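A, B, C, D, E and F are the chain letters, set down in written order, and residue numbers restart from 1 in every chain.
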């Protein structure tokens, strides 16, 4: 029986220069629509669940295009509100080797989503129907109305017995007031969450917690149990990622649950498009929990999901459970005939 | 000896779905940069002058791309200011037959240009160097700073002996307060202008002038001399355009100067991209005046320039004097080998 | 309150050479997925209802791509069965002027849909949930299992109080046995249908009915009431279409209901892609009926929907109620800003 | 039993801007390879014969690409010589409406073909194997070596009993010395030819013949019999073409044989790419003669072939006998399913 | 003097998603036509011989496109039969890193080729004209008629003094009955063949031969001489291939002739499209034999040909003898100016 | 205050097959315009100076396109002469792995630039306005007129107090008479130059100088001071480059000035398009000198500029001072948001 996974978040239009030209050299863009919520809702749909997005989109051809794109991914349109004027956008120029990729944003704070408030959504219906609701720190960095809506929706879901998932996902450029401004909002959300995506850096920088450990893994082992205890969080999970000298990336996942840690293998792999890997990992954790996988399998599954998301064009994970399990098994065939 | 033609105006990014798909069907866009000022400066450059644009663009990859595009057209970068955060954009879906084209705007009022004021430009230098300065009613509809800059620059140019050209170009959707709000600003600009692009509708609706005539041409003949007299305008010119039942368009130009009217033939032609035809007409008038063409030749030349602009991909006129004169002569060859 | 419109039919992969090259000249194809059922379900979704498709698709990347495409159109995946091996395909080369378009099919009878039978679908659930069920004569021309499924499903829907719509859509190339083979199956479906799409030719050729009239319109007026009476059909509708000498197409719609005829104006228009116009007309009739439009408005609305479908890229209608009403009003703007 | 049709001529690389952009606006080109000889050899292959080209191509990647392209058309590579340094090229910008298409050439006289002479080809083998050999006035305008090769080859073919076809195809821009320079070479070729493509203008301007008639058709009827008699030509054929005010083109073919004229209907049609229509007409005449069609059918067939060539992308005719006969019959279907 | 190389086999349409998108993400395909026979006939043509294909293609636009594509490669159309209804197709989605490529087939057994039998080809003419005839194990896995045609044709060629080449090329997914079903057919073909492409695995699995050796090379050295002896085969050749951990591929070729083995160096290289490398190797062996290369040069040449085929877009080898000899010499220049 | 950098040189049209297909496989080309002078003028413009090109271009659509492209790069059109007939072109097929890239030229010696002489340019004006003038050994290899123009212009610039920069850039294929023919011309230019780009190989092969050292670096240290002394050159700079076994490239820059050497770090990096790296290095040296960087910073900056040019699509460097300084600092971010 598929579960209803509801993600709350903004839909951004991604306008990407194909190949490796700069915006000043090219004249063509590929567009798609994405966002953390989109990625999670889509990934969960590919894993056999029914993904929904709670968002607001303008009632114009750009909004129509966004909805078509979300539907293509299998995301349900039931909780999408229409109205407002604009859609957030970003332009992406691909880097190559020593030249970094560049992202240029339009005025995101004027978007339909960031101008929307509690009355724009049927929060009670959403809370009633959703089995899991997913929130993210990027959304938390937006406007006061957005933050208010997040907290109210989280509470309503919790009251109805749904699971609240919160991905810390701190982006320095989005908080004018820095960690100080962010901290109380993060504390509110952590207090409402059942499953949290974070690592030791979030604990140290956002929550201001201290540790005497110096290695990342030891810091993690020191701090995460304290966070879980302080906020009463059932499950905390996250990743450590690195870029290797041969241009491959590495990803190692962890999950803390029932007062114990499990870690995935440290995976190394070539990357086509690294955006969305974290959301794939989150989806792997959620799916493992819903499917009742043992913790070791869940974290391995989530890490493989994150790895495969890096081999897919665009932000949004597209892999099925079968494909992820096959990647976990590690028998990579040359061509599947 | 080429003249320096300086246009003041906003640069918009045009994002067009190729072919006839809707945004909800496609995944690719072609982009270019345009605006009335861009079109006039480019057209004058193709006609052998040196075109410049006075505008402000963000100091990011989108601004760089805009400048590359303007330079490609031969427009000088000397008077372009950098800074601010955003670039105005519009999305264009091509119509077909009974289905109209659709334009969707982003938040244009937040653009670098519309946030800029007098101190963002070296107005004295511009006034000193420009032989002709071109303004447009679209720009006049923007913010108070923009309007202030327009008027100060027009005055400075006038003081230095330059020619001020103003294209009325009234766009209802841009004036929240309607004609009432627009009127005093238009009166200010008309009072400063030497050459004005307008027709009888502008006189009736913006300026509130009345006429007893009922045909468009008679209204024109009644009102335009009154406008010229009231505001002390040397030359007024404009067009009457129509879409014919066989999908061709018609264009007939006029010019009022030295208290007499000249009219072009009524041209009928197929249209590839009709945006920019008015700016091509304006450029034809300016070029005819600078080149000392007889009035009949100037208006014929301007009409042919407007017609050819409709056969060119994109907003921006690309025709040379030779090509326009050849189109005036009307001997259309099949293939030029 | 949106209605559930369920269409039963095959999904075909359309592989089209872009532009006007032949398959023997090009090396690129654009692909999409279509079919009468797809078109009707999609069109009804655009009109504000919830469209569903009852079909079977292979459990492979082609089937996944088809589902993604259907979802993009807003069609629900709930009644789509997976399995079997193949997907029907056709290649389309665009004609130009005196050179006709060409369609080349793959082996359609081996498709998952045409190999499927009653047990492949949850017919009871479908019958329970659907407000309208749509069938088509193309599907009726396929295999015995397909025909059996159609008839059983139509009966179940009828029992549950749903509306059965049947589009005669006779394709000579699909019936090896000609009209003789087709007739009994058509009679069965007409006996089960509440709303039927057909015209006088279907009555004469498929049903073998005779008339002394010679004009198409008189034949229609003679025969359609007899068909309605004989099969107890509530509403019959259809179109007369023609290609004019100036390459425009003409379409005139009719509807027979409550023993009286209404006709639309005869619309003439340029055509971008004429496939799908009939399905748009059908959807217009269904929407008019559901919305309680007066008969005159329904038939005018349906004709305008058919016209607009000819201006859209691909087989599938994409117009909203607002857009169709605006086209009915006939005020075609040049560019919608 | 298919005949061997051998065309002698240059292969040009055609580099075309896609769509309607200028070279100064675009950054992409489509390339193909063409020439009168290519067109005739290809058209005859599509009509069921074996087409060959006698030409010389550089032994580099451009020459390889040209040969691949010719082979794709079904033209045999047996008589193609390799060597020299360059390939003639032309750039094509598509016109639109009142804006004419533009062609820009590279230095064609330095091409492998135009630098080649008699010793570069196995003329005896070609003469022995060819049933028909085709020459053209464009080639005749090139270098002295090329002209020498043409005349020697024509003589050898004639001695072996093959048919010599010569298409006058006079291009003013290619003859520095004008008609005076061209005349003796044309007379040589006419003296060697069995089938000639020309019309009254060639007789008047190249051969300097005079007539008292004033209409084109009367001039034709006066002069062509005199040409046939003077040079002992078995068959003369050609076309009158016009561009109509509604942008359609008209074509009317004629053939003079056994001292009598036959004319085709005057066909009017939309044009996609008009280059190559004359070569298609020539091929229709040759095929009609080889197939033993009655004169009326031959000229009708040739005219229909010319018309269809205008609906095909690129210079080269692609229509089969069946398709041309179907176009002659005039029953244009909308879509061939 | 070029030799006639005739390959017997099916032509498949390859429909590939450009870049790295899935079919469910993209909307464009690149198509080409390939197959083992196509690859060998094309490769031999590039090496200076005349390649022919014996196959059957439908008489429709897809068949025309296939023939155009084969001709482009320089393959002669003389032995291609037309008729039947369908063309086998496969869709290819490119993998990236840890995500494997995926191939999806249409119903290949219904293709014109697989429905064809002995009477569809002029086997006597083919046998008379071909110097070498090439068969492959993929074709052997198809239908009974196909197998019968293969064996009759092989016998006829042998009788006429031609060389029979057979590439074992066992594909498990194509034999429902597994090795047991395949064995007698392979034995028949091996009994007719002069040159065989295989390695130790074919001997062990298809022929059921046993060896006590454990390394691949020792198994090869043990078994291949036995195969040669048992079936009276003059020359046996093949490769060992591996995918290295740094994503490069390795290839080492061998040839057994006159009772002795020669091996190529073990080449390591980056791969663009690995399909067709085996056919390039086969062609290298055939060319070496025809050209009278010493065995060491032949096997080195074949290995280099296989390596270069992996750097070419599409299935089909495109390298000339000069290019392969240059790659053997190993002096890779950066850019050839 | 930006400096005027004037480069003298030919503009070539670059026609590149996209992706990895051969010209014989593809049908599309991307075009751009480049040349050493273009690259240096563009790079200096990106670094904040005003770049100009002294060249001659045909007065046709190809010349227009070239100028548009140069303008897009920000290069001034003031010193570009129009006339002559042709533009030099080269076709580029990308290599992959063991398959080298291939370049095929058209007849470059007939180009407008190579046919132009002293009277085609306003050399006095150029000499008066330019702060730096750049010449290159490729241009020196062209025609006598071109060489004469180079030397006269260099002298005039020197007289006016401008800086003469000469890049040796010896291309063996362009000198029919080899080093012997080249030597006197190189000596002339070295005698006129203030800044020279070269390394020890140029000294040994072009100038015929001898050294007893065997390592490249020792040879450089031995010979370059002698060259500087003999020709009175203020600054000599250049690079040593290598292709590593893992397909990365290495670049190490040097500069000799005030009788002492400075060397950059040896940079290793992935390469997208290596053409233009040398010109980026030159521009880095010129910019460092103009900006008054210490020698160590200049050579490091130039090396980083050369490295970044290898990550950019096309021949022409596009990096700003900020980007190059950031690459020098070596902190490569993954994505710049």
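Keep this in mind: contacts are C-beta pairs under 8 Å (C-beta built on N, C-alpha and C of every residue); 3 or more make two chains touch, one makes a residue touch a chain.
Worth saying up front: this structure is predicted, and the values here are computed from it rather than measured.
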Original post:
Common contacts of chain A and chain E?
Top reply: C, F
Original post:
Quick one: which chains contact chain D and chain F both?
Top reply: B, E
Subject >> Comparison of C-E and A-C by number of C-beta pairs in contact, larger one >> reply: C-E
Subject >> Farthest chain relative to chain D (centres taken as mean CA coordinates) >> reply: A
Subject >> Cα superposition angle of chain B on its copy chain D, in degrees to the nearest 5 >> reply: 120
**OP:** Averaging each chain's C-alpha atoms to get its centre, pick out the one most distant from chain C.
**Re:** F
Subject >> Whole-Å separation of chain centres (CA-atom averages), chain E against chain F >> reply: 47
**OP:** Please report how many Å separate the Cα centroid of chain D from that of chain E, as a whole number.
**Re:** 41
Subject >> Where chain B touches two or more other chains, by residue >> reply: 22, 24-25, 27, 67-68, 102
Original post:
Can you list every touching chain pair?
Top reply: A-B, A-C, A-E, A-F, B-C, B-D, B-F, C-D, C-E, D-E, D-F, E-F
Subject >> Contacting residues of chain C [partner chain A, same complex] >> reply: 67-69, 71-74, 77
Subject >> Residues of chain A defined as touching chain E within the complex >> reply: 269-272, 307-308, 310-314, 318, 323, 327, 332-337
Subject >> chain E residues touching chain A - in the complex, by the definition given at the top >> reply: 19-22, 24-25, 95-103, 105, 171, 173, 243, 247, 274-275
Subject >> Touch list for chain F against partner chain D, complex >> reply: 15, 22-25, 27-32, 60-62, 64-65, 67-68, 85-86, 89, 91, 93, 102, 104, 106-107, 110
